[in-house]
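What follows is a group of structures, each given as structure tokens.
Shared chain: subunit A. Partners: subunit B in the first complex, subunit C in the second.
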Partner chain A sequence: MKSRTGIAARQFYIMTFGLTIGTSILVIPSGLAHTAREDAWIASLCSLMINLVMVVLYLFIARLHPGRHLFEIHEAAFGKWPGKIISLLYLFYFLILTGTLLGDLGFFMSSEIMPETPIEAIQIVFLVAAVISAGMGVVVLARLGELLFPWVLFLFLILVLTLIPQIEWNHIKPVLEGGTGPVFQAGFQSAMFQELIVMMTFLPLVQKRKSGEKAFLWGTLTGGIVLLLIVLLSILVLGIEQTENSTFPAYALAKTINIGNILQRVEGILITIWILTFFIKISLLYLSILKGIQTVFGLKAPQHLIYPLAVLFLIIAWNTYINTVYVNDIIGTVWGKFSFIFLLLIPIMIYVITLLKKMIFRKNT
Partner chain B sequence: MNWSLLLLFFLLFVLFLKTPGILRLRSARDTAAFYGIWALTVIVTLADKADLSQLRPLDWVRSIMELLS
Partner chain C sequence: MRGRRALTILLILSLLSLTGCWSRKELNDLALVMALGIDLVPEGYAVTAQVMNPSEAGNQKGASSGSLPVVTYKSVGRTVPDALQRMLSMTPRMLYLSHIRVLVFGEALARSGVSDALDFISRNHQLRTDFFLLVAKNSKASNILEIITPFEHIPANSLYSSILVSHKKWAATGKVTLQQFITELERGGSNPIMSGVQLKGDVEEGESAKNVQGISPKTLIQHAGIAVFKKDKLVGWLGEPLSKSVNYTLNDVDSTVGNVPSPDGGTVGFIVYRADTSMDIKLNDQGKPEFTVQLNIEANLTTVEGTLDLNKPSSIEGIEKNLEKRFDDRMASDIREVQQKYNSDIFGFGEALHRKYPKLWKDYRDHWEDSFKTVKIDVHSKVAVRRIGSVIQPLKRELEEK
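So, the complex of A and B:
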């Protein structure tokens, strides 16, 4: 019988996988192609490596603070009040992230699939699912992830296999024409969109520590490989110009599938993958925010905050995703640097401070 | 459709729905957190209804990053 509070390493792996590819699968190829051009796939590989390095750092931190989640680690490393301030900054980051994701979803659905439906109605429907998920808790989400995962894999395989006949290898030539600079720049920028730090809220819930660590690494690796394949296929099939200029290149990619004029217009496959992983990502963020508020304010039952927070997400979504030009401008200029603070800078500070504290403690004893 | 008004009605409904549970908890922290976040959400919804452009969090992020760099 499984524990009611803990999650299995397999479930943690699925959640990490979902968090890595959720939303990124649709938009990443365009951003990478804009900077790295034909080498976008190498930039995606670079992004995967950076993500793995970040996860290793998170795991080192988790080993220094066994049994503590992200927000408890802040208080343990920085002290009670500075730790609470850092946690509040993370909550602000997660709030904007959730709002932007919701805005992204609404924009995609209302521009590509359901143009007659108001964007607000689409966002509310998806938010209702996230609200139910947040009410049920992370254990139910983890079990749901297990049910969804085979479908995500199956649909992804169909997508990849049906695109293979349309591959044009000349599209990725010349290799590294602009040098390694743009590749690293694009890879670094892309790595700032996976937000794997969110999983630090749930890592202590994994029953076996070693398996949990492996699951975190494998989830990041396989999620990154999926993104790499999507970027590679986007360039190989669509070519650099179309990949760069499309708002949602992966969707345009799925539209090109045509096997003998029989199997065509199967872009629903991509939409299904995206929506399932989006659901996992937004639910994880929601639960992480609730956990953060509970820790910062020392609450008994944070479930009462689910509905007011849902409204807050909606308002943030309406005020972040104003239009594509505005969002692309922010993403291109400041979002990478802003995310860097939360994904790398603060975790490095936590690691160094904790090590110093341990060293001082050892000297004193 | 006036979505902000719909959200305000929903928030009012949430207030009536959740208040008994909050009071039953007998926790000052839980009560303060719930009413604090509820009030913040109402203010933000009203600001959105009034079309206040200061309410854009990504502009705040841009300003913070400009200050830092």
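So, the complex of A and C:
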């Protein structure tokens, strides 16, 4: 049997994959189509590249700080107290993220699938599952990921295959009408929604460093390809006008599946993929926050913080997700820049500072 | 350990009693709306809903209480959801909109614009996007939904399947879903179409079950060509030949029949079984776009009237040439008629231009409608006659030879 604290590279890969797809799959085509029009899929490709570059940066940081997780790296790079402050900022970022994810889930379920069920009921039931998962720890989550992964892949395959007959190639022409500007802008914006930095909390848990790094990159790549395919299919099947104007484009996409009037009304497939990956994402965030609090405040075990955190998530979900229009506005104008600080700016600072420290250290000796 | 096991068993057992959804709706609490009609009235919208009566619809023979398999309700409200809500004062059950097959607009509403009504249709989560959109020619939508149809128990299903069949075999009707309509509507370089329906016969007589008791029903619902829209407003109707030309141009013809003079003066009937259209754009000397519709058709002969010698390949070539000329002339003049009479680009020539010359399109985007009116469009067809049926020489020729 494997040790109870470590995770295998394969499991790490699956978690990265889940983190990339979770929530993004449902909403991302809309924003991309809005800015990049017919070239949304190129923008998605662009976003995949940016994500890969970010992961490479994270991996460089991880190499400079072997065995340390995200929050320990902060303290090592910036010094004890500034590091703790940076960690707290990250905790705040993760907290808001978890809250909005929960709000997203609630709004989707209550506006498209179960309009009469109170949104709180959906969120609480889901949170209970996340609480249990957080209590069991990352090892159990990793194993659960292994169980879910084949299903996610299988359902995704069905989704793609059933949509192929409806493809209308004219929808993606002309290519690069507005030049590369909007494409890059949209790609950059959407790269800010995969939050791969979360995986830095778990990277040290992977026993073999080399295979862990590989898993991180592969997870980002395959997750990005799934997103790319969803964006491409949204444009090819729905056309830009409807992709752009849908609250949940991927769901609208799944609704159009109709093969010979027999295989139809199977949007449940998409919901299942989404719920499964969403669960992985929210559990990872939960565990990451617990780890962060433990590190910052030097706690022995953060387990008794699970319940208070759950309440906090709910409060944030209810207060940040006021209505769909408000959230879309925030996502469009503020969130990308806000995320940029945590996903790119601080990691770059960490990298530069650590390198400088090393150089000074070397000179002194 | 034992306590844990007991708890597990208890939890699993509790699943049995906890099945059920928060907002479950039993089938016998629902009124399945099969067709929705929307008309314009001074107070707002008049909504007509054709609702299935499951106990009657399930009855194939006998054991019926004599009521019809569908009920049509009508109500008026400022907005479409208002009217639907008000309908609950008459219906014994909750209206359930997920199974709508057709959505019919009254002509008056279509002429004043359908986008406000369509907003509710696309915003509502119950409604899907797979039903067909129709316009009731020269009548209200409510009249169409009040007719009892033969063959199908549920008139909405009858409409739905007749759209499918006539589109596939006749090609003079449109098969327009909400999704297509909205896409065509929102693009700059195209305008949407809808299929039209009209009543043949008397409304009063069509309303009761008597209508389907005679061998030839007094009142029928009939397709009425294609409704041309400019933005979201109906601007006119296309008859059968024009509608066919539109479907050819849109590359939306599966199969259709027609006739053409044969080289010896008789008439030849043909069936198109494959039609493939593509649009080509060239820029002329002044940098203005010129369109060519390239039509590739494969056809079989269905009837040969006259004494044409079908043993000679030149006869078939002659028929092909006549057909090509016929297609070229007819389609070009039909397209010109749409251009000049309605000035609405239902063919999507603008989008084709957009796809091929995105830079040039920027000059045209804002006033495409003005340019479309005068733009040059040619039709170039290529016809191949493949099969001539079970006999070779026409019967008349066989007779004369003896």
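Just so it is clear, the second predicted complex is superposed on the first by the 365 of 365 C-alpha atoms of A that agree within 3 Å, B and C clash if a C-alpha of one lies under 4 Å from a C-alpha of the other, contacts with A are read in each partner's own complex, and residues count from 1 in each chain.
Methods note: a contact is a pair of C-beta atoms (placed from the backbone, for glycine too) under 8 Å apart; a residue touches a chain by one contact, two chains touch by 3 or more.
Keep in mind that this is a model prediction, so the values were computed, not measured.
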item: Partner chain(s) touched by A:T5 [first = subunit B, second = subunit C, both, neither]; value: neither
item: First, second, both or neither for A:E241, with subunit B first and subunit C second; value: second
item: First, second, both or neither for A:K255, with subunit B first and subunit C second; value: second
item: Touching partner for A:T324 - first (subunit B), second (subunit C), both, neither; value: neither
item: Subunit B versus subunit C as contact partner of A:E177, first or second or both or neither; value: second
item: Contacts of A:F338 with subunit B and subunit C, given as first, second, both or neither; value: first
item: Contact breadth on subunit A, by residue count: subunit C or subunit B; value: B
item: Subunit A positions touched by subunit B in one structure and by subunit C in the second; value: 118
item: Residue numbers on subunit A that touch subunit B, as the complex places them; value: 95-96, 99-100, 118, 120, 293, 297-302, 304-305, 307-309, 311-312, 314-316, 318-320, 322, 326-327, 330, 333-335, 337-338
item: Parts of subunit B lying in touch with subunit A, wherever the complex brings them together; value: 1, 3, 7, 10-11, 14, 17-18, 21-22, 25, 27, 29-30, 32-34, 37-38, 40-41, 44-45, 48, 55-58, 61-62, 64-66, 68-69
item: List of subunit C residues in touch with subunit A within their complex; value: 21-23, 125, 128-130, 179, 182-183, 186-187, 351, 354-356, 358
item: List of subunit A residues in touch with subunit C within their complex; value: 111-118, 121, 170, 173-174, 177, 238-239, 241-242, 245, 252, 255-256, 258, 264-265
